[in-house]
Amino acid sequence: MTRLTGIALLGAGRMGQVHAAAMAAAGARLVAVYDPVTRVADALASRTGAAVAPSAAAAIHHAGVDAVVIATSSDTHVELVIEAVNAGKPVLCEKPLASSLAATRRCIAAIGDQAARQVFLGFNRRFDRGHAGLREAVHAGDIGRLEQLTITSRDPLPPPLEYVPRSGGLFRDMMIHDFDMARGILRQELVSVTAHGSSIVDPEIGKLGDIDTASVTLLAEDGAIVTILNSRRCAFGFDQRIEAFGADGMVVSDNPRQSGLTRYRPGYPGTPAPILEFFMERYGESYAAEIRLFLDCAREGRDMPVNAYDGLMAAYLAEAATLSLKLGKTIHLTGPDQEFDHV
Amino acid sequence: MTRLTGIALLGAGRMGQVHAAAMAAAGARLVAVYDPVTRVADALASRTGAAVAPSAAAAIHHAGVDAVVIATSSDTHVELVIEAVNAGKPVLCEKPLASSLAATRRCIAAIGDQAARQVFLGFNRRFDRGHAGLREAVHAGDIGRLEQLTITSRDPLPPPLEYVPRSGGLFRDMMIHDFDMARGILRQELVSVTAHGSSIVDPEIGKLGDIDTASVTLLAEDGAIVTILNSRRCAFGFDQRIEAFGADGMVVSDNPRQSGLTRYRPGYPGTPAPILEFFMERYGESYAAEIRLFLDCAREGRDMPVNAYDGLMAAYLAEAATLSLKLGKTIHLTGPDQEFDHV
Amino acid sequence: MTRLTGIALLGAGRMGQVHAAAMAAAGARLVAVYDPVTRVADALASRTGAAVAPSAAAAIHHAGVDAVVIATSSDTHVELVIEAVNAGKPVLCEKPLASSLAATRRCIAAIGDQAARQVFLGFNRRFDRGHAGLREAVHAGDIGRLEQLTITSRDPLPPPLEYVPRSGGLFRDMMIHDFDMARGILRQELVSVTAHGSSIVDPEIGKLGDIDTASVTLLAEDGAIVTILNSRRCAFGFDQRIEAFGADGMVVSDNPRQSGLTRYRPGYPGTPAPILEFFMERYGESYAAEIRLFLDCAREGRDMPVNAYDGLMAAYLAEAATLSLKLGKTIHLTGPDQEFDHV
Amino acid sequence: MTRLTGIALLGAGRMGQVHAAAMAAAGARLVAVYDPVTRVADALASRTGAAVAPSAAAAIHHAGVDAVVIATSSDTHVELVIEAVNAGKPVLCEKPLASSLAATRRCIAAIGDQAARQVFLGFNRRFDRGHAGLREAVHAGDIGRLEQLTITSRDPLPPPLEYVPRSGGLFRDMMIHDFDMARGILRQELVSVTAHGSSIVDPEIGKLGDIDTASVTLLAEDGAIVTILNSRRCAFGFDQRIEAFGADGMVVSDNPRQSGLTRYRPGYPGTPAPILEFFMERYGESYAAEIRLFLDCAREGRDMPVNAYDGLMAAYLAEAATLSLKLGKTIHLTGPDQEFDHV
């Protein structure tokens, strides 16, 4: 069987352009592009030689399209995933799969279990070289049984205030990546979620009902403890680290540096180069790895390693954390298909 | 007023010997030593030229004794502190001040508020060079407002199983250091404690009713979030780190290395020297700094920077964490003089 | 004036393919490719959509070709540079410009002084992010007056033995990069060269009249001392470091790591990820930066920042080092246009 | 045989006080102290409980003196070493053994070969934890055959100008430590010395006929190449590093840090704690290790691991480097007992 390479891209905004660059780097070919704002689609098409499609459906069914990448606004994801699945095309959808936990459940029900496992969900951070190396080291048993997992994730700057009300809140909008990361490393059921949060970076965020500083503790079935620390602002860059501690050792994925340059000055005796600034610098490479893996799995008909069910579970954990913070209680997890006991 | 230097040491066991070495390094002089096991006192006296006293009281009142260091078994601390206070001698007492929160309250009541502030309590880790540097940096405003404080504290090996039942449990026996460290850095009231724990290092510890792996979240009055991670076993040494994250930056006290030696071999390309093995290697220096500070404060009649009230507060937090784990609930803090609401 | 982007590539072997990939990453377009081995040119053309030219001259004059990149075998460089210069096309030539110092002089004489300054010579390591950052820091005065410059350059493995006799020797084949690096950082005249060398990596290399381990000391006009260390074999990867020490501080360009992953195991307490393996991993990025700079300078008609005169000077230093080793003497430098005194 | 512990200290100035502190830390006892300036001897005696001796000879023969430590001015070393040797007491002499190469030869002739091997010469840097670890790793074969050894040694500040004329010059006064370090690591004959030097830190040093910036290349019998870099001034502290590169890997002794504290601020993203300031901070510990080793060897009647012959060889290398710089030539080494060919 030959390699799949012809891709339809739905959405040519910032994330769409990221995916377009990743395709080029991964050796895939952008065949058709659709964006509700024609000018945006045109611009990308002219740079890449892709055709501009008049509709998402037209892009999906365009000649030479082997696979579909969805990077439109979040509220259109479910509809487009269903369209692509019905067209029999492998699909990679930007996260989130749907705008709520209930909508995610409904999307999975609509496409069915098997298709759900074959929708690649864009948790690209799994494919960061350092984070992936950590996960592989844990799975290979390099640190023995995993006992404590600590994920630190801090953005350089808070989002614009006007975005806050429609973000769904920090747990759904930001920590969702870390919930997925924890699940990918742990590979076992989680039994409880306890959330703490504050609005100390910017009190305006608090007035809008959200938090900007958070800590969540997850307890795994076997007793392993996961700690996730988030902040919406970090003075020294994009702080993205994971520490996995186990019976036989520890493995840490630290912030890579912009270069190997180190400065020695009085008072600054050995200052390394800055860490990477934001997600494109830090995770840019991971998008290309994601596309490669997506196309490989699609070609072989395998389940996607990160699929709609992972989207469901991450949404479920975000929901539970939101509830925990609201109630000031630990939430015991009974599965994404059931209502929460505590409400 | 001349510098105080003549010291009576009560207890010549392991901790007593640590203090004796620290005195020598600090330029203080061991004048009298008492230990219920005469052979142990004799051994230390013969190495240092100190007199062996027939009783604790005799040591306290021995000629040339300016100050008293208590390193006897925990259950004798209250009685000896009272004896030394009554003798008008400045006293440094190994932690814990008393064997329970209630006993700590009673001890403070017995000696009175002013004396309580002049009993130096041996939370020596505060004087570790890296940890002290972090605290000073935070207090100096180097990182702006403190938002997230993360303390990792892992012992190389669990204590002997027979010690577990009389240890008071991980929170009172081990995390007590970290509670004190958090308070020293934060300098503000804490409003809640949430504890999680597992027994995954050694199930036998679980059978004895204790845990060996723990995570505690403390919420400060202003919204800062403290996370403390403990493990009773660490494969690569004595893991003792603090990370203080604030509005303007971050400061980290990492594990120092045994030397500046780094090895490059295929597969191990740049392996630094090991971290320090256990508390004597890591915190040995801090005991000498502690003694120096104790004698300086005593000479000037100042309140001790770490005193009986700090012992009370650390005991209170340990009590709250123990209760939080037992109940599976967040404990809201109302002060060490009141009973917990949730019991 | 519009940006130049259409490129003719002469030579489609390993280095040609490196340049082709760099062009794509830099946003330039490969228009025509020539290689004496047609199969090799065909393969690259089919991957990139470029036309295959029947001769180097045909490629240079192909429609849409704005600039020429030469990556053929070293003995053809002079002829092709002259051809491209005569065609009025900006040219980037892989190092070395010519096979000997005398041939380099003749090439420059043939094209004339002005053209010589507009031939970009492919000392790509200058554009490595860390090395370039070090150079800029030194030029910006960050370390004050430069006093000691130390360049360490070690290959993972020696070249095949059959390559050794036609390599020109370690100084001309390998250290030539470091001579150029030193000149780019120093920006002043060098007054002497003293070389030491051994054949201890592989005695067979010694039997062929070459060395595999070398140290060269260069003295600059103002007294700054440059030390270059080379080895043909390095057990832990491609060791490429620079240390610039000055009156006010030091700046070091260290080996970057494959990722931010660090492992803690008993005996390996904090082992970072491996360094990059060889030149494509370490310097891959620098080729794209080189192409971008070449096209920018060409468009603006500026002298190339690394040009035929830099090739001449590096060849001159390599010649002097070779002579110094042979004679066991320091060689005093009088300029690349004069014969060496000591022969 | 019991452990030797009673020590006579000749010279109670700065170095004498360093040795006195080292004795205490090593568990040895200062019995008698002599200094031509009585006040200085008195001060040290009153702090330590030692007796003040009216002369060096009286100190050497004082009751309870098992061993002699010489820390008087350099011009008295020979005479005092002979006195101590004649008294049959083991002796540790501060470097240099004598004020010139010829005087060193005469001293060894005077005491004889066997005694010369039992005079411990105070090259204390050999006992620095990092440097000693490097030496042991090399000797244990951890890096395979040693091929390149690079020693960097930079003082924080130049000595007072008035000291320069009587210092003997940088090679004899400062690099002598590095010559000894190189010999201790290499354990084989050196065949040539090539020196380069400049006066760019302070031109006044140049006017006094000395240099402040130097590079020396030593060639070992088996082809290993040693590079020593010295500077009289370092803006960021006391820069003391060694890099040993071999067939199977590399081991580096880097500057230890004052603590494990690291600061992250915009522009200074991960600045470690300062390196140690000068020799007492960096090498303080090594003096205690030196005394311990001296007493152990003396008790067992073993040859000292660093003895008068090591002093002779270091002086010989310093002499050769001085001559190399003067003549601008490589000096071929024929042994410390012969005149140099090139003069």
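Each chain carries a letter (A, B, C and D) given by its place in the written order, and its residues are counted from 1.
As a working rule, a residue touches a chain if its C-beta (ideal position, glycine included) is under 8 Å from a C-beta of that chain, and two chains touch if they have at least 3 such contacts.
According to UniProt, the chain labels map to these proteins: A, B, C, D = Inositol 2-dehydrogenase.
Treat the numbers as computed from the prediction; the structure is a model and nothing was measured.
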Comparison of B-D and B-C (more C-beta pairs in contact): B-D
Chain at maximum distance from chain D, centres defined as averaged CA atoms: A
CA centroid of chain B to CA centroid of chain D, Å: 41
Chain B and chain C, separation of their C-alpha mean positions in angstrom: 58
Multi-partner residues of chain B (at least 2 other chains): 235-236, 248-250, 264-266, 273
Chain contact graph, described as a line, ring, star, complete graph or other shape: complete
Contacting residues of chain A [partner chain D, same complex]: 235-237, 264-275
Residues of chain A defined as touching chain B within the complex: 144-145, 147-148, 150, 154, 194, 196-201, 213-215, 217, 219, 222-225, 227, 229, 231, 233-236, 239, 245-250, 328-330
Touch list for chain B against partner chain D, complex: 24, 129-130, 133-134, 137, 142-143, 241, 248-266, 273
